[in-house]
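Each of the two complexes below includes chain A, the first together with chain B, the second together with chain C.
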Partner chain A sequence: MQLTDKKNVKALLLTATTTLLGTASVQAAETKADEWQFDTALMYYGETDRVTAVEAIIAGSKQFGNDEILSLKLTVDTLTGASANGAVAQNTPQTFTRPSGKGQYQIKAGETPLDDTFKDTRLQLTGQWTQPLTERDIWSIGGNLSKEYDYFSAAINSNIARDFNKKNTTVSAGVSFAFDQIDPEGGIPNAFHTMLIGDVDSSNFASDFDATRKESGDDKTTVDLLLGLTQVINRNMLVQLNYSYSASSGYMTDPFKVLSVVDQQGISQTYLYENRPDSRKKHAFFGQVKYHFDTTILDTSYRYMMDDWEIDSHTVDTKYIIPLANGHTIEPHFRFYTQTAAEFYKPFLLEGQVIPQFASADYRIGEMDAMTIGMKYGIPLSDGEHLSFRIAYYQQSPKSDGTQAVGQLNDLELYSKVDAIMAQISYSF
Partner chain B sequence: MKIISNQKVWLLIGVLSLSACSSLGVEPWERDKLAKKEMLPNSAPIDAALDDHIYFSKEASSGGRSFGGGGCGCN
Partner chain C sequence: MASPCEVLIDCNDKLLANNIASAIAKEAWRIEDKYSRYNIQSVCGQLNEKAGQSCAIDNETFLLLQFADQCFQISNGLFDITSGILRKIWHFDCSDNIPTQKEVSHLLPFIGWSKTSLTDATFTMLPNMEIDLGGIGKEYAVDKAILIAKKMSTYPTLINFGGDIAVTGPRNENQAWLIGVEHPSLKEKNNVMVKIKTGAIATSGDANRYLLKNGKRYGHVLNVKTGWSVEEPPNAITVAAPQCIQAGFLATLALLHGKDAELFLSDQDIKYWAIR
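Our next item is the complex of A and B:
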């Protein structure tokens, strides 16, 4: 790309981003456009027979005279496809009412029920201001706004970091406060109410359906605390250790998910809308080691998370950057994840038994392993520009939490695997 | 619901803090390798943001490296 073209593109992006973020960064827009650094990416995520998502990111950052840094990021993503609705597969076809109450969908015998209603577009704006306070203290403040058709989220955060020991040790602390609002089409279903499945064309279906739901949306608040320690070990190695605490309060049920109520033969009698606790507290411990060999770099991290829903999870993530003779880089990536089920996870409910206070059949809070294998190829271009391609295969393997299947459920797939491909192009200039 | 004991949490925080040993580290002129962009703890923030968004919406855990994600009603 010609240098003048590059300046023009940067100026255009800058104008677009600052317009979207209002007047807060007008001053920044008046500075020389070519001092901005931009990172852009386009990602495709596709699951076999389920969700497809496309996500685009434009991020710009600029360093000012006294080492202040302004970072702005615009994310747009679209989501279409089908998502497991929580009900179990059956030997016979099943009919479900759409979450909006407008229409129904049929699931073939033997297949995991997927709701194919999902279609959404999300726009997210992120801004962060970072500045030195003293020779060894750095302070940062930022915000985040995200809007999709039935969901809104706003968050603010602030961090402070202090260097010790010739900048070999950095200690940091941060806090974030988030507010999320959900307002699904058709309203929020009442907890454990039976999904209405009748003649959607009948005159009283709409009013009967509305009677199963709250008219208004709902919301939740989340407070996050993050303590971090970065330590240089030697000329080749650094270590990062984080502890984070997150407390959420409010609506955390998934209004699109149901549970099958089955009899002793495993035959579905009704579908009940799920209900989750309105409070969740999570602790996460994160450790990362980066090691620079002669030419290659190994990046390995581990995270342990536990919460008061009784979900424990372990995540190991490893990347290995290998420079090639032509200056390009190749980077294999491997990630392994495992989680235990939430205490209220139930793959189905049994007819005649007392309905628990909380229950969800969402496989994402059930017992599960997941694995990602990927590869990134990086091409440095002239003038500091960089192009890279990334591809990864992601597989989720939900597992039984020990719940004994009954009747026909013994012969049906209750924990079906999910396979996905991620592909990404990134360009920095 | 399981209550996570405070002692367990503080013990882990204590262990993390103790590992900041002042005898570790390098002199400023020994930072040739550490100064590379690839050696930053989060050296590919765009990749990390995209990954976090996927895993946040497909798994029951989030955060760790940074704040716990969110901002979507992802399915």
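Our next item is the complex of A and C:
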């Protein structure tokens, strides 16, 4: 049979249909399997008087003919501001040497010592390839590279998921290896070495400072294992359970943090660079329930994490997704977090006492509660585009682990709260 | 529509979903009542009844017949809504009961869109001719349903009238709709999985409707010019197009190209899934 003349059937049909249906322009219909989809986000995080971070994310994913998916994500963030250096507040002004050895900074009486030299730009690239192996097995492999001025991180991961029970049950297992390298300006301080404070302009200050530290950087490796189970309970309910194990070894000390050594009156005598163990093993248990009510969705999760540093933490996270009549969604969010202190956490050291093997005054590994209250508003646009706004208030409340304050420390704020605001705009197209 | 029809709405608003579904059902029944060739009271039934006379038509009927006219032109006369009367002699019941050339030749004078005349207010065909909107009516209903869905909400919606399918856009979170194309002629293992984010798909073909005589197979796809079965068409073909009525026409037209069905579609850069 003779083929239709070489005329453009599609174009002719388009005209015919436009007349019939009174529709104006019509888009191409094919699977769009060869098109990229993008998610972009701009996030602001600001702590009162402390760190400010601005982050831009662009993520693209592309689906191929046999359901393979390639996802790539580029994140750029800049961090500026001040962060607690670990020393305790005093009734008198304090002077600290910057971690680089180049210059000093003063802290006013009564204030929590903050090191204001934080300024960094981080570039992170993530890639993931996912493909079905059989009708019920999905396999995925990915990698992650992250670089900032004094830090480099690389990781690879792979996981596999299998569906059972008419796809109502999914079991997954994954593994990842990460390598991190830190190379701070001015080198890494020797454990528990005294912070050198003196005349930075003197001719021998630089060589004296260098004597307190190693020239080179250091690194750590981390292995993570993950087991997961997802179960569809009924039309309205989905449950997910995860167990993960993480083992890190290498340098995990924060080279920018110190501990105050105080006398019986609570007066700082010296500042010692902190020292943490070179191995850490974590276990985490995670449970999540998503319940679809008639119109709304409740998404609640709980995580219990414990490690051999003796930090135990509990996290409860709840989101409630409420669709509005106009197709927009509103999503209140609440998160509560609490942790116990690491076994070697010390808010300060007492003069004359034996220095322990490990010690850190970093409030982030001390006893702490944290809470997030937020709200997200989503607006679906035409052609599958989506716009959303999120705003959240975050509060960290460090607490005493029971260490008895001495002298003037009784009247000073040792565990100051951190308040932060997060704002995010996301656009998918 | 003589087949299961469904409306899928990706949303949580049950009330609105119900309203949309009722409006669409109402529209589907309206089109069915207006254009079913089985209903002698329908516009289509009346036009067939009054073949030979000049009949007044409304604007919607004019637009549909004009579309059929354009399909006839685009297909160089292969797609012809006056071909339905061939069913009087072709009964695809898997028997060996094929018509004689004499029977076929006897009907050919009453087939041919070019023997009709259409104005924006009247339609005329020769006595004993018949029109059948079967090839485009259901797909037209799907496209009309999509217009209603889009007007009533921005929620992602899929319309499925017996395998003729269209969507208003991607599902939530820009997900594609995953559609399993089931068809009487497809064995279960042959079911085609199709993903669409926009546009429509339609399927033509029925491998269960054929005649077999002296080892020769006569499929149900008939060439209007000869009145005989088209040779070696695919068992079924699913075509994607911006709108369902286009997909339906293209699927039917592809089958009419017989063994060259796939060639025709790929030549025109049209996305399709064929089962042979």
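Everything below uses one rule, namely that the second predicted complex is superposed on the first by the 395 of 429 C-alpha atoms of A that agree within 3 Å, B and C clash if a C-alpha of one lies under 4 Å from a C-alpha of the other, contacts with A are read in each partner's own complex, and residues count from 1 in each chain.
Going forward, a residue touches a chain if its C-beta (ideal position, glycine included) is under 8 Å from a C-beta of that chain, and two chains touch if they have at least 3 such contacts.
Just so it is clear, the model here is predicted, and its values are computed rather than measured.
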{"item": "First (chain B), second (chain C), both or neither touched by A:Leu349", "value": "neither"}
{"item": "Which of chain B and chain C A:Ser244 touches, first, second, both or neither", "value": "first"}
{"item": "Which partner reaches more residues of chain A (counting touched residues only), chain B or chain C", "value": "B"}
{"item": "Partner chain(s) touched by A:Leu74 [first = chain B, second = chain C, both, neither]", "value": "neither"}
{"item": "Which of chain B and chain C A:Ala284 touches, first, second, both or neither", "value": "first"}
{"item": "Which of chain B and chain C A:Ala325 touches, first, second, both or neither", "value": "second"}
{"item": "First (chain B), second (chain C), both or neither touched by A:Arg235", "value": "first"}
{"item": "Chain B versus chain C as contact partner of A:Ile297, first or second or both or neither", "value": "both"}
{"item": "Touching partner for A:Val258 - first (chain B), second (chain C), both, neither", "value": "neither"}
{"item": "First, second, both or neither for A:Ala361, with chain B first and chain C second", "value": "neither"}
{"item": "Footprint overlap on chain A, where chain B in one structure and chain C in the other make contact", "value": "292, 297"}
{"item": "Chain B-facing residues of chain A, complex", "value": "39, 41, 43, 45, 51, 55, 57, 59, 73, 75, 77, 79, 83, 118, 120, 122, 124, 144, 146, 148, 150-151, 153, 155, 157, 164-169, 171, 174, 176, 178, 180, 182, 222, 224, 226-227, 229-236, 238-244, 246, 254, 256, 277, 281-286, 288, 290, 292, 297, 299, 301, 303, 305-311, 313, 315, 321, 337, 339, 342-343, 364-365, 368, 370, 376, 390, 394, 396, 418, 422, 424, 426"}
{"item": "Residue numbers on chain C that touch chain A, as the complex places them", "value": "11-14, 16, 63-64, 66-67, 70-71, 73-76, 78, 140, 143-144, 147, 153-156, 169-170, 172-174, 176, 194-200, 223, 230-231, 240-243, 245-247, 249-250, 253, 256-260, 263-264, 267-271"}
{"item": "Residue numbers on chain B that touch chain A, as the complex places them", "value": "1-4, 9, 12-13, 16-17, 19-22, 24-28, 30-34, 36, 38-39, 41, 43, 45-47, 49-50, 53-55, 58-61, 63-68, 70-75"}
{"item": "Chain A - residues contacting chain C, complex", "value": "1, 3-5, 7-10, 12-17, 19-21, 23, 26-33, 37, 63, 292, 294-297, 323, 325-327, 380, 382-386, 428"}
